[in-house]
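Both complexes shown next keep subunit A, but they swap its partner, so subunit B is in the first and subunit C is in the second.
Then we have the complex of A and B:
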């Protein structure tokens, strides 16, 4: 009875057991192009949820609908149980960090950060004080307050954009690949900081990226998108360990995918008893190598085509009966290009997917 | 040769032309304005008589109407051109070229011809406006022709393109994501206009306003063709001094005052904008 009452309220406070954001069959078409087809998902309160997909998979369209900058052609969007599908973005308790950051270059850092508060008619002294606090929170420091945005570096602009959305005290923050333009080291630093900030503020973050690696570092859960559909949702460990399609598996980086038919791997001529028809995914680190081509041990013969030393490990490109395969071995492995080897793997390391 | 030197060299032809065709005549006019009234000599003693006369002998109203008319026309053109520019920018490609052409083509027709056309439109009794209103709605209006309103309509009609085209460039300086970001951060339509769109489009708006204002201060055909005796503008007064009254020094003094007013408006406004921003985009 009480629960029913709570869910009826228009108040946007967290309700136990209710999704922060509930996507119900969201579709969006542009003319004959179906950008999103019936995406359904519940994003939990205080969760860091990342949507990953290649470009053109519909992830930006989805995020724009969540932020209210676009409308779905079908479906509903509920914020804590309340339908906000048609609510204008300036009426929503959500805020977005744009891919371009969309900073107001004609304003100072302080004015950018205080923008949302100014729009609400909050007095200048109060919003300036809040802007300085937020600049500290994103580790820029209050001394940036009077600096023109145009004089900030890439990383500083990121932090300004972050402080600017935090100022509106949003219930949910959206991120549209904001780190994609930064160099590798800065991106790594900011990924960790963003995750820490999310934990500290306890807010719900919805992040989109085309980099699964980025998603793995930051997220509580990941949703993989392909051709406007959400193909798999799960924790980083689940997505990594148990991809449910070849698409998800190959999206995660370099993996070996082999066909299964009638309990065998026909390409390698190896038995794999009890495995239904479909495919198996073999991670590079699951392959074991023995130099020389002695028969006996179960496995297949391959020739080492290339050797890449990656610091902590060695990556090998193998010419196998199934074509190019990739293996990763400990860094101390001594093996040269041109060597022949017997390759094997534990049957339980082969992860089966239907398609 | 250093790039700076080359730049001066390239600027030389236009600099010479401006010196001969623009600076010299202005210099002569300025000198004339200091001569005794109704004389044609350039070698007499200098005097400020003409400037004193400009402030005391009834030239106030023409000055007032020229400047008021220019300000009002500039504001009206800006108000009309803003939504037009935004619409044309959004249409981009689809029909925008046709619409832009329709607005631009009349510029190629002589201004007097267009204004005579407009006088046919505004004429009382059998004019197109008054006649249509009477025939279709049985509404009788007085005359618009030969009134201040008629002059104002003519001024807006003639000068609208000079506001619109710079403003189109200005509107193109507003990235869509800035609008989206402002909306996402809680800004209403009005707040987006004031906080984001106007400041970002400001270079175009200022250039358009300057062009319109300067052209309006120098306009007299609208008042002559559409205004009848309703209004006297300063350019008309200057023309009369030079031709009919044969008082070149007085005309020159009035001219210098118009130049001064224009300079007072133009230079501070130009100092506020970065022209490169408008061109490089």
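Then we have the complex of A and C:
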């Protein structure tokens, strides 16, 4: 699907073993505000890399620097080994899907998609033909070609934005939370399509979002950002299974975090021998419940406060000595609010973090 | 029945709106030195006089020079000012937004006198050039407002997107910013031209030895009336109507070609 006349020049061809994008100590401050502090990262060729962080964590600033729309105050950015830190955005073989999508609202769908080709001086007939192809590729269909973008629905606009960046044949695509404004089902559909598109084109995608769930579905690797720093980088399984801080763990959704001191969980009054001081993370599905209040069994006593049936599973809110805890059990579990239970977990299910 | 009432109402409003213009047309067709009706004799002498006098040409030229300069400068400055407060968030932005429209509320004759005193304090002799500045003090806020209305619904990320897709700064201006602003620039420009063209209170104080059309019309109506005054008014009105229609047609044509 890559037209020969649009391919990149020699010096930006992929080189084996070289990172597509290498971020070397990127920092950005706005006056006294440090938006990014020394972010270093290698993004591999053909990788779907997602940066996850709460709002204000600096992820948009980072993406704007990668796209050339902003300049770092310190550090370097290498594209396949070439320093592009100060290169203007229109000179970079990258393209970005903006959070607001930033479609040209005085133009038609076709003109939006053909924009990058127009900027390269490609003849109208040729760019129109390419725009129609791309509209098919993003499942909009060529009949949208003449429609004004202002008359498109949210999902359609999303696809127009995607076709528009694909038209510039970018080596690397950036996505700034483009799906956040869509409803759940449409978002799910587009996540899967985006992933499939990335696989099919073999391009490097860098995606930012505040939703770890979204990141888990699409990414090869995930980087977690907090206060302008990259706090953990790893595969979705690594981030999910071995978060290295409470922050990362709580970002994963609802988890139980308990304090560890002197080989014990003081809040639950349970021993946890051999565990250094810090915290343990307990996933809701790691908790086991036994109804009734027989003492002597391992674990701690808790009262079931709320029961939520989530279809594939049942989520319980437990009143425990450590406060509210969350457990998830198979859907067929029969338990009612108000019941008392003995709660336990396998010691190896408790994942330790220092902070 | 309500339909009949409604059309009667509409006719009445239109009649009230156009009656004064019609009366000026009638006045221009007389040969008397007083406005009176019915005419004893009808005459188009006022029109032939208008076209044969050098003075009327000079009047129009002075007004035209002033109005065109005011339009050009107001649109440029107004566009920049509108962008400053519609696109960027900066300290004092909301104060600027209010301060910029304040001159509209200042009584024009007082403003004109103040400007005249200001010029003489600086030792600048008043002429049609100083009138340009005087007009702009009053007209620029209006133009800025008109253009900024266009900019409020504008997503500046469009410019970033265009850059990102390979557009140079100049291409961004030509392909994204200007097309978006164009309707605002055109309506702002029309406002600027018409307000300057018809301005009397500021011109009286600030044109010095030069005379604009409204100044001349005012003095002739007040002291030395002749049907030429009405004839010039009628010619001016029709010229504006024709110009307006041409601009509209031109816009529609260019839009049809673009689409």
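Everything below uses one rule, namely that the second predicted complex is superposed on the first by the 345 of 355 C-alpha atoms of A that agree within 3 Å, B and C clash if a C-alpha of one lies under 4 Å from a C-alpha of the other, contacts with A are read in each partner's own complex, and residues count from 1 in each chain.
In this text, a residue touches a chain if its C-beta (ideal position, glycine included) is under 8 Å from a C-beta of that chain, and two chains touch if they have at least 3 such contacts.
Fair warning: this is a prediction, and the values are worked out from it, not measured in the lab.
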Partners on subunit A (subunit B, subunit C) - clash or fit: clash
If we overlay the two complexes on their shared chain A, which of subunit B and subunit C does A:119 touch? Say first, second, both or neither. both
One more residue to check, A:308. First (subunit B), second (subunit C), both or neither? neither
Quick one: classify A:89 as touching subunit B (first), subunit C (second), both or neither. both
Touch test for A:106: subunit B only (first), subunit C only (second), both, or neither? both
Which parts of subunit A are in contact with subunit B and also with subunit C? 67-69, 88-90, 94-96, 98, 100, 102-104, 106, 115-116, 118-120, 164-165, 168
Hey, which residues of subunit B end up touching subunit A in the complex? 175, 177-178, 180-188, 191, 195-196, 199-200
Subunit A residues within the subunit B interface of the complex: 67-69, 88-90, 94-96, 98, 100, 102-104, 106, 115-116, 118-120, 164-165, 168
Quick check: in the complex, which residue numbers of subunit C touch subunit A? 155, 157-158, 160-168, 171, 175-176, 179-180
Show me the residue ranges of subunit A that touch subunit C in the complex, using the header's touch definition. 67-69, 88-90, 94-96, 98-100, 102-106, 115-116, 118-120, 164-165, 167-168
